[in-house]
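Next up: the structures, one after another.
What follows is chain A paired twice: with chain B in the first complex and chain C in the second.
And then the complex of A and B:
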């Protein structure tokens, strides 16, 4: 199978799953709410995929990027008469700018220290959301966001959820293409052999900033969709615990492809919020599941499905036998 | 006479009280292999790091193709036509041989923020360039690297070194710094590196070949510079170098029984 036909198959198959999910939840407000929550987690997880899973830069400020997207949408919806579509690039660019500034301030840090400093920023951001009452509405947040409209008619929630699911699919597809592209190859190589990449002519610190900015934009997109569908934003939706839950999603779903991050989000929401049996112990169950996957199946669930598929086709390559985040 | 590709003048580097490189001057011309030999601790790798931009010299100047390179970061060295391999191979082991080699081909296009963003957009758009794969296939075949879609975890040390040479070759450099490419290589690896050097010279590139194995270096180099305790003690043809009293003194001990180097 050629690379082009393999890419087409991937796009078609994943689009079919996204469309099936839309049909499954459409018209049922409860399932739509579950789908929105899953999509929001998926956006954060996808946002972390490029800088963290591919590039190895563990920033913990994704609750802030999600919040920037959401509050940009809320402020545009309540304080301007602009088309709500403008809130998406505004939130994304704001998040990217914050990610770049934070990345520059922490450029000499890596590993635990980078995680610790960005975590502190994430905590400071959620505190600021409560404190900056004049702008953010404080602990009451911002309510009654107007619905987006098309030709003067308000767009219903079912359509918005469908758009959100399709947006998750599109981001997953773009990241999947990026991963296999020369850009993705250089990002993944610098994770393990930064000296070689630097001496080949790439400024690794700038590359890291670019990946952090793209990741922040993806998370902000999730925040914007979350706000517009809920018609409200609350500071408690953007606490740093979100990030702890999200960073393990690709480990559970599979790190080899961005789709693993989405699968991880689906599993986490299902086990943590949906199944009655796990409702009170969801987080504990999730922790144990991640531990089990890391020990017994380090490639994640999707990784093993892909391995089986490749074996079926008689392929070998770099995707075989690897361990740990890549 | 054509100017040298590399011109180092009185380059020094000290770590505390230890003078790792002591007022060394070197020139390398296009199509020339300069062998850099010396015992452990002679300063070979430090000198290569100074030229490659991994370290800054304390004193002295380095020019590549007439352009100043003294103390410039390794990226600048690359932009001035220098490519290098490392004493300890710098390879992403969890990726394929092809992927590691492609870095050499595309890194230059990502040398600026604009270039990175262009590659980012091209990557997301799914733009493919079959020419990249063909070029990697060609260089891998020239080096004798087989099955390049396998994981680097399956490679021997010799093959990892060949991969690094291949990656450097794909950068189409004017000067290649090969840091101990034969260390740990089996017969196939040695043969591959020899082919690689022949391939490099075909393109008019210069080579600095650093290795402990004086016999292999002498068989490949046009000129040899012998380092000892950070200083250059001999610079001449391989035949002259092997016969020199400096070589005898450094490797077999001087008249008073003192062997040079830190071995």
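And then the complex of A and C:
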């Protein structure tokens, strides 16, 4: 199979799954809420994919980027008469700006130090959401966001959830393409060979700022959709603990492709909210599963599925490589 | 500034200092930032509080069991998670970091599952009939206990590192595992001792502090972070560095929340972390030897 046709197969197959998911949940408010939560997790996880899984930098302030997208939507919906679609780029740009400033402040940090400072930032952000009452509504949040309208007709939640699912698919596809592009290869290479990349004429610090900004924008998009479908925002939706769920989703689902992040999100929501057996123990079960995957099965679920598929077709090697760029 | 604030600074500072000290021990012995120490302290405190209130164990037994559980968790982390992953990581730092964050998350969830998800109060180790009055401040028995236990643990660790065989080996391994292995040190065993001692200190710190602030299964994250910041501020050059770092961070947090209101506690910690990491990453006490 050529590269072009395998790319087409990837796009069609994943689109088919996204459309199937839309048909599955559409019209059922409970399933729509579950799908929205899954999509929100997937957006954060996809946002972390570029800087974290590909770039190797564990920046953890993603609750803040999600929150910026959500509060941008809430403020546009309650304090302006603008079309709500404007909130999406506003939230994304705000999040990107914050990510760049935080990235510059932490540009000399890596590993544990970077994780610690970005976690502190995430905590400070959720404190600020409650603290800055005049702007954010404090602990009561912002309620009764107006629904978006098209030609004067309000757009219903089913349509919004369908748009959200399609947006997750599109972001996943774009990230998958980006991963295989020259840019993606440079991002993955600097993780282990920063000096080589630097000597090839790429400023590694600028590169990581770009990845952080893009990641923040993806998370902010998730926040905007989350707010518009719920018609409300509450500060407790944006606590830093969220990041502990989302950072492990690609590891569980499989890090070879962004789709692994989405698969991880589906699994987490299924285990923690859907199956009654796991309801009280879902997070514990998830965290133990993550540890098991980290220690014993580092490719993640999707990684092994792809490996099995390749074996089935009699292909060896191929792109089963976990870290090295092709 | 009211004298009562000073008492609080000492109490909270001692707790941060103990967590920072356990970071230091694991860093010395295994060259590893053990982020899960905060959740171990939480696990020990929550377990002790649960056994005290639900099973009505005596105080000493509950706290001792908590500390033992924290030690065991730390040893298991090294054996089952950190060791196999570092072996595969080939010198890369990220897999170990991801793994220890996963352990953090798992230990917090395990604590919530075993001991419940609501906050529990701790119990004082020294219960004075009449609290000591010191000027305008009131010193509780627990404040005295915290200070005494902290000083005793720091003294014991300083002596252990200086005079015991394992204490001396610890630093050799932390500095350069490859060289230590070549020279015939039992590296795997020394690393295990470091994880055990680190877990034990965190396991004592948790129940000691929980009588002041209470504890819930989600407390571990802030314990880990504040302990880590205290550890970085103190530096790795001396065993007493964590004590200085802990007291400094506690003073900063308490003065900030006294002057600007309680939300500024988190802002001040963030600013301190960014400034220290950027301008003085070696902390107050740097090692004098270059390497």
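The criterion applied here is as follows: the second predicted complex is superposed on the first by the 315 of 326 C-alpha atoms of A that agree within 3 Å, B and C clash if a C-alpha of one lies under 4 Å from a C-alpha of the other, contacts with A are read in each partner's own complex, and residues count from 1 in each chain.
Simple rule for what comes next: contacts are C-beta pairs under 8 Å (C-beta built on N, C-alpha and C of every residue); 3 or more make two chains touch, one makes a residue touch a chain.
Remember, predicted model here, so these are calculated numbers, not experimental data.
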| item | value |
| --- | --- |
| Touched partner set for A:182, first chain B, second chain C, both or neither | first |
| Which superposed partner A:203 touches (first chain B, second chain C, both, neither) | first |
| Touching partner for A:294 - first (chain B), second (chain C), both, neither | second |
| Contacts of A:193 with chain B and chain C, given as first, second, both or neither | first |
| Footprint overlap on chain A, comparing chain B with chain C | 191-192 |
| Complex contact set, residues of chain A against chain B | 3-4, 7, 174-175, 177-178, 180-186, 188-189, 191-193, 195-203, 206-207, 210, 214, 316-324, 326 |
| Touching residues (chain side chain C, partner chain A) in the complex | 33, 35, 80-81, 84-85, 88, 92-95, 97-99, 101-106, 109-110, 112-113, 218, 221-222, 225, 228-229, 232, 263, 266-267, 269-270, 273-274, 277-278, 281 |
| Complex interface listing, chain B residues touching chain A | 52-54, 73-75, 77-79, 83-84, 86, 90-96, 99-100, 102-111, 113, 116-117, 119-120, 122-129, 132, 149-153, 164, 167, 171 |
| Chain C-facing residues of chain A, complex | 56, 58, 105-106, 108-113, 115-117, 119-121, 123-124, 127-128, 130-131, 191-192, 240-241, 244, 247-248, 251, 280-281, 283-284, 286-288, 290-291, 294-295, 298 |
